[in-house]
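I've put the structures underneath this note.
The two complexes that follow have chain A in common; it is paired with chain B in the first and with chain C in the second.
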Partner chain A sequence: MALSPHTTQSGFTLPSIHSFPPFFTKQVNLATQATVTEHWTKLILSYARHKRLFTIRVEDAQKAGNDWDEILRNERINRSLPPSHLSYILNDMVSKNLAMYDPPKQTGSVLLYWRSPEEWAETLYDWVSSSGQLNTIMTFLDITDPPVQTPLSGLPLTILRRAIGVLQKTNRAQMIAITEGEGVRFFGGR
Partner chain B sequence: MHRLGGVGLAAFERQQQSQRSFAELSSEISQGQVDHLHAQLAQFRSALLHFASTHRDSIRKDPNFRHAFQQMCATIGVDPLAGPRKGGWWAEMLGLGDWQYELGVQIVDVCVSTRERNGGLIEMKELVRLVSKLRGVSGGAITEDDVMRSIKTLKPLGAGYEVIDVGAGKKMVRSVVKELDEDQAVVLAIAQEEGGRVSEEMLIARRGWTPQRASAALENMLVRDGLCWIDEQDEKNGVAYWIPSAMRWDE
Partner chain C sequence: MGCLKRCAQVVDGSIPVQALLYPDEDLLSSQEGVGIYDGTLKSPSHQNGTVHITTHRLFYIDLAHPRRNSFCLDLSHVSRTDYYAGLFTSSAKATLWLHPLSTQPRTNRTAEQLSPALINSAIAEIWVCEVCSFKNSTAGLSPEAAKVCSLCGVPRSLSSATSSAPTPTPSAPIATKSVSLPSSYHHLSSSLPSSSADLLEVGSASLTPAETTPATGELGPNGEIPCPACTFLNHPSLPACEICGTALPRRQKSSTKAKSAPSSRPISPAVDSDEDEDFEAGSDEMKRMIKISFRKGGDKNFYAVVKRSLLGRGWEIKGVSKSTLASPGPTSSAATSGINALLQNVNLNAATSQSNMENALQDLEALMVKAKDMVRLAEDLNERLTAATSASAAPMLSSSPSLTSQNVVEPEEATFIRSSLSQLGLQMTNAPVTLDMIRDERRWIEELAKELGGVLQGQTDDNIGMMRQRGIIALDEVWGGWNRARGVALIPPTTFLQVLPQLPSWTSPPINMRIFASSGLSVLHTPPYTKAAFASRMVGLINLTGPITTVKVAQDEQLPVGLVQEMVQEVEEAGEVCRDEGGSGINVFDTNGWDSKGGNEVMWWVNIFKEYVWDGQADL
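Let's look at the complex of A and B:
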């Protein structure tokens, strides 16, 4: 039997291991499971990047009909990732700083770092300086929901705060309390 | 009375004289033989040189030709792989040693990079396919025979690379030091026939194994050796085992 990559309707290419039936079962051999976890982690992050998804929940594996159907199930071989296995993988991703539980103090839903907060910080700063908005005060909404699509559109506030935190440490941004809530100012001229 | 050579001092001298002539003649003859041998060797050498230079490319590119060439070398007791250190101008001439070692490195590359999913066991055809892919088109075709030869050259490294016969003409290459017992060989053979999938039920029905034996063999391969993966969503038996080394992986 030959295993080959498959391109989904949304144009995402699934690796050949996604057609390997036992890939969906949690393996008892620790070394094998490490491989499985690594492949799933890569798959989840690249799919999230492909579709600009930021959140995955354990319950997404429970029933079909969500953003993650294309990778959490494989109709061609009639397999799907059991929630318990997804939960194990997410836990591993959180421990490797590739995701964080959000909201905190629960383990059913995570924010995915297909870019790390540091990378988001650079993307954010580049966008602000290239669009000539340095030294002006911006609301969070200005950043995550601008009139034209930007690399930061739809960025969850939790990740945005972390990215601003990174910029604050290098004195490139400052949080400001404004009437509509929170704002931020970026500094140029380093 | 008449004796050949006569008697007395003169006869003694004559005998010595003839002995000397014989010695001279014998050294002359052996010198002639040595010269002849040298001439023959030189001729052989130049013939080989000619052969090597005209067929060098064919040897590297054409697997059939290479096979025939290696067989010829084996019959006349020449080792085309004897490196320069062993005084092998032959190997230098052909570059076959380098060729074989290069193939060895590529084999190790494929075995190591697929080890995490197949547990250090790979089917010969799959190995040949992946190595060919690695070499690209310019590398020329390679055969199972070449791979087996290269694996032999890897032996002194002690990495435990070995070709195992799992029956029905199927061969697998093992890249980890691990003993395969007979039951595992049977499981591998069935997996080969079934495209990678094996279940306890199959072993019981086809080989007449007891459930305990089937489950123990599979469990060992799963947990101890990491040679197979478990699938708990199998439609037919609920649980099935898959052997990645018996499958073809297109990347």
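Let's look at the complex of A and C:
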């Protein structure tokens, strides 16, 4: 069985097992399934990073026509990831702290941590300091939707809050209540 | 008193019913607490008694006056029966409809004529058969049986000499006087001299001239029937040729004559109507019935027996054959007569003595069966002797515990038993091993394992074992097959399971047991069907042909699908293969998700996940 990686139109390289039909089936053997889950997790996260996607929902596996089509379906082998299998994988990712249910208390939709909150915190701090905005009060909107594309553009607020929370613990940021809502001030010089 | 009077006969009810039966008559059922309806009205003198149904007759034994009011009724009079289940205070009833008098079976009347009332009064009549000169006695025979020579089966002819052993004179006055004698014949006969020889005279006197002629010239050449096959002139009463056994043509005249003269006697309606005013020629059917009212239940069973007895028609079919049965053994049919019958009787005698001999030999066989028990007893004795000697030996061997002393004795005992068994010729090689053959539990199991190995793999070339063709077989089948092969001393499942661990050492290639974890199914299998061997074979198959379904594997292995499924599951469990449940999801119908699972058969692929190295996007 000659399986080979496949590059999609968006330039993403799919692994060779994506062309392996059993990859889409939830395996009964737990050890095998663990491998499958691991590979799926890797695939989802790398694709999310590739396309800067933060959310995946179980429904994405149900119907075509969304951002995830390229990995959740493989028309070349006529397979798609069943929603139940995706749900299992997402649950596994949440338990491994690679994703979180968002909104909480449901299991249909997750935020993907293709970078962990700590990594995001570093990215955020780096960006703030490199753009010279230390010690100024910024709204969340200033961070997630700046006029110029940044690594943080489109970052979900949940992840942003977590990242800020990480910075607060190390006394590098402070949450401030301002008129437009919430603001944050980053401290420099340490 | 219409039909009761006409058809029933008075019997002495103080005599037990069994004693009243003909030799060929069987008592079938009895029911007490019944009353009799004569026609539609209750018969006042028959209101509390017991009815008995036999193969021939229906008895009513009155409780209050058994001697006077009891009667019996020939079942041949009964044309049909009805049953009424009862309602509230009305008891269940069985209705017996009787033949109208004119259509009453002739044969019966003939019988009555030939042995009138004598049967009931238990007075024997002796007559000599014309054909074989056998002296027949009518004593205790049913009317039908009494008409036929009990040796050769030739119907009795009128002219055969009769002599009543005791003169029936005492019964005659009774017959004349007692009004309770219901049969009209008796009234007829009562007016006659009661000696049966006289009676016969009267009978022939009443013959019409046309028929008396052949009757008198019976033995003349004209009366004889030439056989259509061999032209032998046969006695007119023979149904078949005496020489060659060919069925003889029945001549109208001679047959009626041969049957009986009285049948053609001017029949009695006139007499009857004289006697019973209520029984006119135009009497309605309602008067020709007898009802049995079951006041104490038991009606259903009794009615069923009556029906059966009527269907059996024991009074006419068996009448003849059973009468000959009184002599040595059963004859084939009533039709045989003459020399055939004599020869048959000789044969029957031989057969009877043969069966007697066999019965005697059965005892010997029983003794042979018992021999085993005797051996066991001897074994017991031996055991006790051993125990006694070991017990006496124990104090002497003070240092060694008694256990070892027993162990010392054990082989001796075993050899003794075994040698004595073989001396008795009881240790058969092909007999199933039973526990009592080998007392040692461990050895027993071993022997069983050996035997089972033979059953599975076949001891000889012509005996193909269960697993000669198949490498894997479910345990229940093995157990069933083994016990079927044993036939006796079946092996309980517990013992069977004990035997299995011993099996590999007695089989080649070794047969092992394996239990499937998922279902608990236990199988016996040869080495090619171990988990690893099967897994590698399956992987090889997939590599060869591509992904494969369970059914395909089963086809390839020529095993049941269910079994293969279990095996494949184990392979999957081992991580050698992985499943693809299909479910494309590419077309719109699959978006529901319902088609993605059940619709497709699982395809098995080699598990490549184990050695897979990530070759996708590498920018983590």
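Structural remarks
Rule of thumb we're sticking to: the second predicted complex is superposed on the first by the 190 of 190 C-alpha atoms of A that agree within 3 Å, B and C clash if a C-alpha of one lies under 4 Å from a C-alpha of the other, contacts with A are read in each partner's own complex, and residues count from 1 in each chain.
Here is the rule we use: contacts are C-beta pairs under 8 Å (C-beta built on N, C-alpha and C of every residue); 3 or more make two chains touch, one makes a residue touch a chain.
What you see is a predicted model, and the numbers here were worked out from it, not measured in a lab.
By the document's definition of touching, both partners, chain B and chain C, reach A:P5. Contacts of A:L111 after superposition: neither chain B nor chain C is touched. Shared-chain residue A:N78: touches chain B and chain C both. When both complexes are overlaid on chain A, the residue A:T35 reaches chain B and chain C alike. Once the two complexes are laid over each other on the shared chain, residue contacts for A:F24 go to chain B and to chain C alike. Applying the stated contact rule after C-alpha superposition, one finds that A:T13 touches chain C and leaves chain B untouched.
Legend: residue contacts after superposition of the two complexes on their common chain; A:Y47 is shown touching chain C, with no touch to chain B. In the superposition on chain A, the residues of chain A contacted by chain B and by chain C overlap at 1, 3, 5, 15-17, 20-25, 27-29, 31-32, 35, 78-80. On the side of chain B, the complex with chain A involves touching residues 116-117, 119, 195-197, 222-223, 226, 229-235, 240-242, 244, 247-251.
Chain A contributes residues 1-5, 15-17, 20-25, 27-29, 31-32, 35, 78-80 to its touches with chain B in the complex.
Of all the residues in chain C, the ones that touch chain A in their complex are 547, 569, 572-573, 575, 578-586, 590-591, 593, 596-597, 603, 605-610, 612, 614-620.
On the side of chain A, the complex with chain C involves touching residues 1, 3, 5, 12-18, 20-29, 31-32, 35-36, 39, 42-43, 45-47, 49-50, 61-64, 73, 75, 78-84.
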